[in-house]
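Dropping the structures in below, format is structure tokens.
Each of the next two complexes has chain A plus one more chain, namely chain B in the first and chain C in the second.
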Partner chain A sequence: MLKIIYRFVPIYISICVLAGCEINSIEDVAIIQIAGYDYIDEEKFRGTVSVPEFSRFETGSTTSEKYFTATGETLKEIHAKLQGKSSKPLIHGKVTVNLYNEELAENDISFLLDNLLRDASIGREVYLAVVDGSSKNMIETEYSESERTARYINGIIKNNIEENFPTTNLHDFSYAYNAEGMDGFLPLLKRYSDHIDIQGIAFFKKGRFVHTVPFSDSFVFKIMKENMKRGNRKIEYENHDYIIENIGSGVKYHVVRKMEDPKFRVEINLDGILNETTRFKLPQDPKFLTKLEGKLEKDLEEDCLNMLEEFKEKNIDPIGFGNVLKSRVRGFDYDHWKEIYPSADIEVDVNVEILETGITS
Partner chain B sequence: MIRPKQSGTQALSENVKVSPTLVFFLIHSMQVGIGILGFERYIVKDAGYDAWVSILIGGVIMHILLWMIYHILEDSDGDLVSVHNDIFGKFLGGLFSIIFSFYYLLLTLTVIRTFVEVVQVWIFPRLNVWVFTFLFLLLAYYFAAGGFRIVTGMCLFSVILGLPILALKFYPIQYAHLENLFPVIDHTLIEILAATKTVTLSYLGIELLLIYYPFIKKPVSSKKWAHHGVFFTTLLYLVTALVSFIYYSEKGIQSVIWPTISLWKIVELPFVERFEYVGIALWVYVILPNICLALWAASRIPRRVFHFRQRWVLILYFIILYIASGLLKDREMIDTLNDWTGKIGFYVLLYIPILFIIQKAMKKARKRHA
Partner chain C sequence: MLKWWKNKKRFPKDPQVQQNDSIHSLIETLKQSKDFTSDPLTGPTDCIVSYIKTIIEPKFLHKSILPVLKSQQLKDLEEIKDHVPVNNIKITDDLEEIRIRIMQGDIMIRMKETDDRALLIPATTVETRKVSIPEVEFSVVGPKEAFVESLDTNINLLRKRLTLPQLTIREVMIGKLTKTRVAVISIEGIANKENLNTVLQRLNAIEYDQIIDSSFLTQMMSDNSNSPFPQFLDTERPDRVTEVLVEGKIAIIVDGSPHALTCPTTIVEFFSASDDYFLPWHLASAFRLIRLFAVIFSVLSTSLYVAVLTHHQEMIPEDMMATIVSSRADIPFPPIMEVLVLELTIELLREAGARLPAKVGQTIGIVGGIVIGTAAVEAGLTSNVLLIITALAALASFTTPVYQIGNTIRLIRFPFLLSAQLWGLVGISMCMAFFIGHLIRLQSIGRPFFAPLYPLRFRDLKDAFIRLPFSLQSKRPMQTRADDSTRFNPNRVQEKRDIDD
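Up next, the complex of A and B:
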């Protein structure tokens, strides 16, 4: 008996190990890297995907892109139609960017979000973005000879998250989508003839795109939303412009008054260095930097308050004050909170410290 | 009146026994299995994000049960079968023992089928369940037939191989929303206890000690290690739950079936882009001792009761498991299976204090009559 078992072991191991080898190689499948969806009418929408094509020549190998478009009423229908147009099986596992056009986003993207979260092969760090215009056109434009569109758009979002743009990906968006007292946001992109710009931030109420803030204000939103290490901001002071580079800012939310008549205080501490000015030399006034700090504090507080006022008007809560309150009070009543949020009292308190002024005085 | 001992375990020679230190691995690896991949979702249903308190309470309960199990076994100096024979006599005792055998078999079935489901959902949707379970069971049979020492070795391996996966908790911590855990204890005691009942199911596995106790050298010194094992399990569950709690929002986690596997999705290593495939493959090592030990224990009981050859019982159980896991088709059935195993497991744990009290009472009565 034992002998039989021992003889069997190598065969057994080889079955187990070799069964993992699939014959699909990278040339035999079409890997979708970017997918975009456009609104057609209340029932139908259009999906566009781009897959890289690898071709070998004597002079070397090149990659080009191929695009597929289909319309349908459900995602699966679109996928089936797309599959019908492709000579190789389309694989979703490597999608890095998903685009939705403005109209579609205004009409709720929840069902598309559900699909992304349900599919086991899709990661949680996919970027989602809203497109001003048609996402089909955005995908089908060639922006650079050396870089594929998917990688280009991916790069734009990733790069800006490290600077002025708030952190966003599928996980963050779905976190906010599911949380009580928090709404999500995505980057808003626009295509120009040869490049793409981040237009601003698209704010959502659950799955619906309802509000937007221009890109120039994303710094203000970001310092209220998260701790950041980069980004910069202009101050106008006595007819001159100064640029303060943020080298580390932190935000804390304080709940001053609780459930019945909530009041919040947003405390922002920002350390910066002055790295550009339009007036060649800084004045000799020893109090000058303190004054500059004061001006920046006032500017930022004003901008933050204005932005928060807009959020309340649109009844969205991208900062997540509801979520903050939920963690600070016992017996949080979400339905009650939804009613009182637009009238909630929010105070912003910014402390700026300018640490250095560069290597010239 | 002094009854003759019916344990029949004195016959076990030293070379089939394992050292007391290994009880740590036996206890811990049997407790941790397929459940840890998705238990958060179930405990959150009752107690929300205060469920970590339930995990701690559950851990304490396990320590108490373990203490009782040791008392029961020490008093009879045998295994579950001899305890049952002692208390209920040969026929009723034998019947109870056989029920336990079926319970262990059910545990094995649940682990195998649930793991195959994970593989089906995450990696190979078109997996042929019949072929896969056959190969898997063959492997389990190979270890279980090798005897208790082989199974113990498997447990040791599983704990060591599973440990590095813990380091990956670092990735979700980067996304931490610590405020999720506050306010601390915002649920009623009833809700927290309801979640404790759910969480005890994840702690199932210490009751196998009832069977392999005679296989431990110097069983008294193994006590310490068994308690360490339970403590380590509690800690592991606590860390796992806390990390999931700060990563998902409370509403969000309830729609995620396997929070831990979903967490692996964000792991990015330079040489592997999608870690969940590696994680699930590694998990085979975590669940294999579950299957082997439970299968071994299940087949050990009929041997002790009816004096069958253990190998024939193993083969019979192999066939039962194979057919049963092949017949369970979809998520709903597997969910029901898990539900039932949980319920039955809960009663098995409830049975331990009862057994403890009966035995203590009988001991006292016998002393008085002696």
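Up next, the complex of A and C:
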């Protein structure tokens, strides 16, 4: 009899002890959906969070947003201050976008990244972005009546990742941050009076924002960085513009020469369809498409090489050549690689195939 | 002290109910009942005819026995035995046998009041229900016969499907008072001897005063009678029993119960309906998977709701956030209370519906489902999201083809709910681990209950979560350890097909 009682003692104790942790039902918590951080001075920075408020009326449910701002020297300090302004406990798990203003990003965001990665309740599909201007203003502006700011910004990034913008989220960024021979990048956003634009790509050296590329060139970066399925690119050929829609491109990195004097070849195979042109009819020339392909190949190769040249100048490696080399070479020496990267020889080889030209030709 | 307490609880010696030491005292006991007749017959033959009026066939007595006795003078029991045109007549002086056979509806003839020897002529008539269509395990296609309360009718239903001399029916009498006939049915040469012995041994070991239904046996014979999972599959379909007999399993039929028990069984068997074998294999497999999903959904959906809403808010999809939060906004209870109230309401409805006559039962369903449901949401007692989840979970739990496992599913939801409230998803996983551990340990007459998953038996998986075509089921399930494990020879099938083409 006593034996049975003893057997239940640990269960009983664990129920008492563990049930002591605070339990809040969903309607009793404030769910942070977007957080933004701004630079104030060397030590302090400002945090802004937005929390949706749901209410139900006879006609249906409505949502409004509430904003909290606090300044401090550490994230925990800011959180404590924010908590002091809220009637319900703040929950971080549902945050979808984290914004950093340009100045803050230039001054290293590693410590903020570390905080995001440490929290088990935060997923790895959180979008991070650099804001040209103040992130507080960006969060507190109402852009649309039907959409909350968090969803709006989230939507802009997500939508563009499917098109011309390279894939980015907390997971990718932290991978690049921690990898040897790879640097991260984030979208660069700018607020206009009633909307937000992606300005371009913000490239990082570890946690520091060092270089930017305009949004119009993100197609070039994306085909070098990853396999993609959508997106489009303009070519000028004989005074006319042609838009080639990418329906599938693949990229391969070849290591031609190894450690001492590394040489890479980036092979890009792009299948596209021609879907818009400024001239009414395509010329009858049967070689026309081949010529167009050739022109696009040349253009892209040139653009890619220019972009890579810029990267080398800034000593950043967002494509991750170092990482590629590390995976192909035994005894990869990271310190040595850092020295020779700016002089590494990189060749870009683009193969374009235009598969169709639409139903009017 | 403890010992003294134990001793005190020990049962007193059971007073024998049937304590008759002679035919005479037996007749005295019986005479207390109005329907017992023991009259001396006058006429050519001098004898005493005794019987219980209510369980013998009077026509039989008047047409086959009395004419013989009255038309000629017969001197002793042997002579009567020779003249009465009935089979299975017995002369005996064994009191025990006389008692049993009289109570079963035999007519007893003695020459003199004081004689100990008696002639017993079987003349039983038993009132039974007609064989009707299955109501618990209804199927759209397939045979429409269900077992009834008479053991002999039930065996008849099996015999006509399996015209096989090897179909063996062993009978055991259980129940100190009811003396219920229990038939153990198996196919000699296919059914494993060890299984059969286990069943017989367990049946013989039962010590109880009454066996009213086969479900008594399920509880008494179970390997683990404290488990919520039934370890015998009960079915009212003779076709299903035939199927499993052919697989080498053993069936137990209890007189007076329209449900047969089959064993050894596995957990997956409880989710396979007889429809599965009447439909093409791909359809049957798909429906079986749907049913399995329904069961998992039924057990886990409400506890997941509680876990996510109280512990893991970040798991709620962005698009559902507004719906869930605004529907929860006015509700005064935490999610667990909300779920418990709604679950209990549904359990109440189910109980009420099951106890009421069919026509009123339907009304209860409508009143409960529509009126109480919408009213509870409008009054702000439960959220409409939860109402949908609970209703779906209840609906899903009805998809189980075997009623008994449906009850189990009804019950095991609650531990999941409580652990979800205490520890969130971790709690659900712990509860799941506990139940899976329990299932792995469980046995059905000594054969693993969680097979073919554990131990993993690929051959049995052909008819577990999916049902592969009959042509691939050339072996009997490993679970039964059948003496003859081959259903048919696949090579011969190939040969036959070649000739056809």
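Here, the second predicted complex is superposed on the first by the 333 of 361 C-alpha atoms of A that agree within 3 Å, B and C clash if a C-alpha of one lies under 4 Å from a C-alpha of the other, contacts with A are read in each partner's own complex, and residues count from 1 in each chain.
We adopt the following convention: a residue touches a chain if its C-beta (ideal position, glycine included) is under 8 Å from a C-beta of that chain, and two chains touch if they have at least 3 such contacts.
In this text the structure is predicted, and so the values were computed from the model without any measurement.
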One more residue to check, A:T63. First (chain B), second (chain C), both or neither?
second
Just checking: does A:I359 make contact with chain B only, chain C only, both, or neither of them? Give me first, second, both or neither.
neither
Examine A:A179 and indicate which partner it touches, taking first as chain B and second as chain C; both and neither are also allowed.
first
Taking the superposition as given, does A:I11 touch the first partner, chain B, the second, chain C, both, or neither?
neither
Let me test your reading of the model: by the given contact rule, A:G93 touches which partner, first (chain B), second (chain C), both or neither?
both
What is the contact status of A:G123 with respect to chain B (first) and chain C (second): first, second, both, or neither?
both
Overlap of the chain B and chain C interfaces on chain A comprises residues 15, 93, 121, 123
Where on chain A does chain C make contact in their complex?
15, 18-19, 23-27, 29, 31, 52, 54-56, 61-63, 91, 93-94, 96, 121-123, 151, 154
Can you check the complex and tell me which residues of chain A touch chain B?
5, 9, 12, 15-16, 93, 117, 120-121, 123-125, 171, 174-180, 182, 323-324, 327-332
Name, in rising order, each residue of chain C that touches chain A in their complex.
309-314, 316, 318, 321-331, 334-335, 421-423
Which of the residues in chain B end up touching chain A in this complex?
121-122, 135, 138-139, 142, 175, 177, 179-183, 186, 248-252, 255, 262, 265-266, 268, 274, 276
